[in-house]
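There are two complexes below, and they share chain A, which is joined by chain B in the first and by chain C in the second.
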Partner chain A sequence: MKTRKHIWIWMSTITIFSILFYLFFWMVTTPYDLFPVDPERAQLMQRAIINILSRKTIQVLAMVISAVLISSTALVFQTMTQNRILTPSLIGFDAMFITVQTSIVFLFTASSILYINTYVNFFAATALMLCVSLLMYRMILRNNRNNIVFLLLVGMVLSTLSRSLASFLQTIMDPEEFQSLTIRTEVSISNMNTSIIWIAVPMMLIVLILIVKDLKTYDVMSLGESNAVGLGVSYAKKMNLALIYIALAMSVATALIGPLSFLGLIAVNAAREMLKTYRHLPLLILSSLIGIIFLVLGQAIIIETGYLTTVTVLISMVGGAYMIYLILKENRT
Partner chain B sequence: MIEMKHISHSYGDFKVLNDVSLTIQDNKITALIGANGAGKSTLLGVVSRLLHPTEGEIFLDERDIKTMKSKEIAKHLAILKQTNQLNIRITIRDLVSFGRFPHSNGRLTKEDYYKIDEALVYMNVKDIEHKYLDEISGGQRQRAYIAMIIAQDTKYILLDEPLNSLDMRYAVEMMTILQKMVKELGKTIVVVMHDINFAAAFSDHIIAMKDGKIVEQGSIDYMMDKKILDHIFDHDFCIAGVNGRKVCIYYNHQQTAILAERKEEVL
Partner chain C sequence: MSMKNRRTWLQARRVWLVILFILLVVISLLVGVLDLSLSDLLKGDSYAWNILWISRLPRTIAIILTASSLSIAGLIMQATSRNKFISPSTAGTTNAAILGVLIGYLIMGHQPVIVRSVFAFVFALFSTLIFMMMLKRIKFKNVIYVPLIGMMYGAMISSVATFIAHRYQALQFLNTIGIGGFSNKAIGSYELLYLVVPAIVLAWLYATRFSIVGMGDDFAKNLGVHYGFVISVGLIIIAIVSSITFVMVGTLPFVGLIVPNLVSYYYGDHVKKTVIDIALFGSTFVLLNDIISRIVVFPYEISISFTMGITGAVIFLIIIFRRVKHEDA
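Moving on, here comes the complex of A and B:
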C-alpha cells in the first residue's frame, strides 16, 4: 500500500511540474529582459507576459482535455473489447475525423454554415462520426472481440481507407476550399485548434461524468460478458453507451489536437503496470495523469529544444516500441 | 420455480433448441445431460438471458423474465458458465465481492461484507482470500467462483459443467457442496453434466436432451436405464449395480464381456 501512495504522490508532482514547465520555461530561456526598470516598458512587458501565459494556459487546457479523454476512453475501450492492446485511435477513430471534415466541405462547400461556424461544424462532425463509428464497430467488434490481430488489420485498413478517401476528395476539390479545409484537418499539437476550447471543456466534463458513473459497471464487465450478464449488467446497452462516449471523446480530442495514435496505449498500460489493479477508477485517474505528462512535458521539451521533432513522432516512437513489446508479451503467455 | 414454455433458439438456420418446455422444481439438484451439441449450454444461456430465444417464454417464479430488469433477475438467478478465463488479475475476495453487485451496485455495505465473508467461509477459501486466481489450483478457483454465486444470494443457480477440469476428489467435493447448498441454504440448482454416474449419485432429477429437444426426464432410478441412455447418447451402455446403486459403464464393457466368455471357454 505504501508504494501505491508513492506512485500517486510522484505522478501528481510530475504532472504539476510538466504543466509549470510548459507555462514558465520560456521565461528562463528568453533573451529579453522580462522585468525592465522603465515603468512604461514594464507595463508593456507585463501585458505581453500575461498574453503569452493566457495563450499557453489555453494550450495546456486543450492538451489536458485531450490527454484525459484519450486515456480514459482507451481504458474503457479495452474493457469493452476485452484486450489490452487496442485503443480507439489504433483502429482508426481519429482518421475518421479528417474524412468526416473533408466530406462536409466536399458535399456542402466550405462556405456552408456546417463548416464556417465552429460550433455547428463541431457538432455536425461529431454526429456524423458517432453514426459511422457505431455502425462500423458494432458490426466488427461484436463478433471478433477476441481476435486482436484481425481487429488491428481491420483498423489499419479502415484508417488507411478513410485517409485515402479524404486525400482523394481533397485532390479533386476546389483549391480554395482545400485551403480552408486545412485549418481543420492539419491540426496537431504544435498547431492546436483552440477555438473550440469552450465547447470542448463542457463536452469533456459530460463524457467524464458519464464514464465515471459507470465505472463500477465496467469493473464487472471486465469479468467477461457471461459473468457480467449473470451479475445483472445490461451488457449490450452499456457497451453501446460506452462506444458513444468513446466516439464523442475521440472527436473532441482529435478536433483539438489532431490524431495521436499511441498515447492511449502508453497511458493505460503504464497505469496498469504501476497499479496492478483491475479497478477502473484508479486506473482512469493514473492513466489520465500519465497521458497529461507525456503530452505536456513532451511538447514542452520539444519547444525548448527548438522543434527538432514533434511530440507526435516522439509518442509514436515510444508507443510503437511499447506496443511491439506488449504484443510479444501477450503471445508468450 | 423456473418454467420454460416452447423455447426455440437458432443460430442461423440451425435450430439448437426446438420447442423445449420444461419446469425446474424448487429445492432440488437437476442434472442436465446429453451428448455434445445437444443444446444443454444453449438452454442454460437462454434461461439466464445470456441468449435471447427466437421463440418462447421463460417464467421465474411466475414472472416473465422479459418484463424483469437484468439487475432484478440477477437477484434471483445466478449463472456460472464453463471455464472462466479472465483477462484480469483479481483476488478471490474481490471476485466474491462482485457477487454482491446486483444488490449493492458496487458500493458495498456492512451487510454485503458479511455475506462475502459468509460465502468465503462456506466455500472454505477464507484463508486464501487474498490470493490471486492465477496462483491457485483449478479446484480452488472453481470454489471461488461458487463462492461468488453464493454471495450473489440467489434462489436459483445454473452451473454449466462445473466439474470440467476438476480431478475426481475435487469433483466429488464440488457436488457434495452443491448438495449441501440445496439442503442448508434452500437453493435450486441446475447443473449441466457429462458424467452420468455423477449425475446419478448427486442429483435429484435428470433431464436428458438430444438434438435440441428434451427426450427423457425423471428420477435417477428411471433414467439409469440401458434403453434410455442408449437412446440419449447413441452409444452402448451397461448398467451395473454397486452397493444398491445403479452405475453405468460406457467403455470397453463388450470387450470385457468377450474376454470373460473366452475365459469360460478355456475353463
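Moving on, here comes the complex of A and C:
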C-alpha cells in the first residue's frame, strides 16, 4: 500500500513538473533579456511574455485533453477486447478523419460553411465519423457475436480503403482546394489545431464523465463476458456504449493533435505494470497522467533540443518496441 | 457435386481465367495516350510496332512479373506459416525495404537501382526473418492477431526510418521511396524486374516442400524435408521479390494477401498445383486495376496503389466476412 502512495505522489509531481517545464523553461534558455530596465522595453517584453505564455497554455491544454482521451479510451478498449496489446487507433480513426475532411471539401468545396467555419466543420466531421463507426459496429458486432477482433481487422482494411479513396479524391481535386485541405488534414503535435480547443474541452468532460460513470461496470466486464452477464451486466449494451464513447473521444483527439497510435498502449500498460491492479479508476487516472507526461515532457524536450525528432516518431518507436516485448513476454509457448 | 463434375468445373474456370488474362493483356497493350490500333499492327505499320516494343510491351510485362511474383511470395508466406492473413505488406517487409533504401542512400548517396535493390533485399530479409521467428514463439488465440501485430511491427520500422531521415535531412528522399507505378516502364527501365523470374521458378520447384514445412518442424523431418533450409529458401524468395518489385514499382497493396486467398478458396491448398493459377490470377487482377487507373482520368492516370487500395480492400473485406461466417456456421 505504501509503495502505491509513492507512485501517486511521484507521478503527479512529474506531471506538474512537465507542464511547468513546457510553460516556463524557454525563459531560462532564451537569449533575450526578459526583464529590461528601460520601462518602454519592459512593457513590450511583458506583452510578449504574456502572448507566448497564453499560446503555450492552450497547447498544454490541447495535449492534456488528447492524452487523457487517448489513454482512457485505450484502457476501456482493452477491457472490451480482453487484450492488452490493442488500442482503438488501430481501427484507423486518423484515416477516417482525413477521408471525412477530404469528402467535405470535394463535395461542398472549400468555401462552404461546412469547411470554413471551424465549429461547424468540427461537428460535421465528428458526426460523420460517429455515423461511420456506428455503422461499422452495428454491421460487425451484431452479425458476428461481438467479435471485436474482427472489427479491428475490418477497421484496418477500411483505413487502407479510405486512405486510398482520400488520395484519389485529392489527386483529382482543384489544387487550390487541396491547399486549403492540408490545413485540416496535416494536424500533428507540432501543428495543433488549437482553434477547436473550446469545443474540445467540454467534449472531453462529457466523454470522461460518461466513462467514469461506467467504470464499475467495466471492472465487472473485465471478468469476461459470461461472468459479467452472470453478474447482471447487460454486456452488449454497455459495450456498444463504450465503443461510441471511444469513437467520440478519438475524433476529438484526432482533430486536435492528429494520430498518435502508440500513446494509449504505452500509457495503459505502464499504469498496469506500476499499479498491478485490475480496478479501472486508479488505472484510468494513472494512465492519463503517464500519457500527459509522455506528450508534454516529450514535446518540451524536443523543442528544447531544437527538434531532433518528433514526439510522434518517438512514441511509435518506444511504443512499438514495448509492444513487441509485451507480446513475447505474455504469449510464450 | 461429384468429384468428376467438380474437376471439369475447375477446368472450365481455368480456361475462362486464361481467356480473360489474354483479353486483358491485349487491352493493356492497346490502351494508352498514343493511338495504337490492332489494324495498324496487323498492317505492319512500323510506327505502331515501335510504340508496342518500346513502351506498351515493357509495361505489360512489368505488370505480369510484379503481380505474379508478389502473389507467389504471399503464397509462400501463408503456406509456411499456415496463416491466411499474412503477406509482405502485413509483415513489415515493405517497411523494412524502405528503411534499407534510406540507409543505402545515407551511406552512399544516389545509386543505381540495382544497389538500392540490394539494400532493400538485405533489410527485407532480416526483418521478415525476425517477424517469422517472433510468430513461431507466440501462440495466438486468434489468427487475426497476426496481421495486426505485423502492421504494428511495420509501423515501428517506419518510425525508425522517419527518425533517421529526420536526423539526416532526408525526409524528402524518404517520401519519394516507393512511389513508382507502371507508368514510367519502358525499354531500359524495367529489365531489372526479370530478376524475379528465377525466384518464381525456385518457388515452383520448392512448392511441395513449402506446404510440408507448413505442417511443422517434426512433420517435415519425418518426411525427410530439411525444415531450416526450406524456410530459408522461402525467406530469400520473399525478400528478393518484395525488394525488387518495391524498388522498381512501389507498393501494390493487398496483392500478396488476397490473391492466394482467393485461389485457395477455389482450388484448395495444394501449393504445387496452385502456383501457376496464382500467378495467372494475380496478373489478371493487377492488369485490370492498371487498366482502370489508366482510363479513369484519361489521358492522365492515377497511381495504381490507390486503385488497388480500393478494389483490394473491398475484396479482402468480402473474404474475411465470408470466412468469419463460415467459422460461425
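By our rule, the second predicted complex is superposed on the first by the 312 of 333 C-alpha atoms of A that agree within 3 Å, B and C clash if a C-alpha of one lies under 4 Å from a C-alpha of the other, contacts with A are read in each partner's own complex, and residues count from 1 in each chain.
Here, a contact is a pair of C-beta atoms (placed from the backbone, for glycine too) under 8 Å apart; a residue touches a chain by one contact, two chains touch by 3 or more.
Note that this is a predicted model, so its numbers are computed, not measured.
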Partner chain(s) touched by A:I116 [first = chain B, second = chain C, both, neither]: neither
Touching partner for A:G320 - first (chain B), second (chain C), both, neither: second
First, second, both or neither for A:L152, with chain B first and chain C second: second
First, second, both or neither for A:G230, with chain B first and chain C second: first
Partner chain in contact with A:Y278 - chain B first, chain C second, else both or neither: first
Partner chain(s) touched by A:T309 [first = chain B, second = chain C, both, neither]: second
Residue contacts with chain A in the superposition, chain B compared against chain C: C
Partner chain(s) touched by A:L165 [first = chain B, second = chain C, both, neither]: second
Contacting residues of chain C [partner chain A, same complex]: 85, 134, 137-140, 142, 144-145, 147-149, 151-153, 155-156, 158-160, 162-163, 166-167, 253-254, 297, 302-303, 305-310, 312-314, 316-317, 320, 324-325, 328
List of chain B residues in touch with chain A within their complex: 48-50, 69-75, 78-81, 84-90, 94-95, 98-99, 101-102, 105-107, 152
Chain C-touching residues of chain A, taken from the complex the two chains share: 85-86, 90, 144-145, 147, 149-150, 152-154, 156-158, 160-161, 163-165, 167-168, 171-172, 261-262, 308-310, 312-314, 316-317, 319-321, 323-324, 327-328, 331-333
Interfacial residue positions of chain A with respect to chain B in the complex: 82-84, 216-217, 219-220, 222-227, 229-234, 276, 278
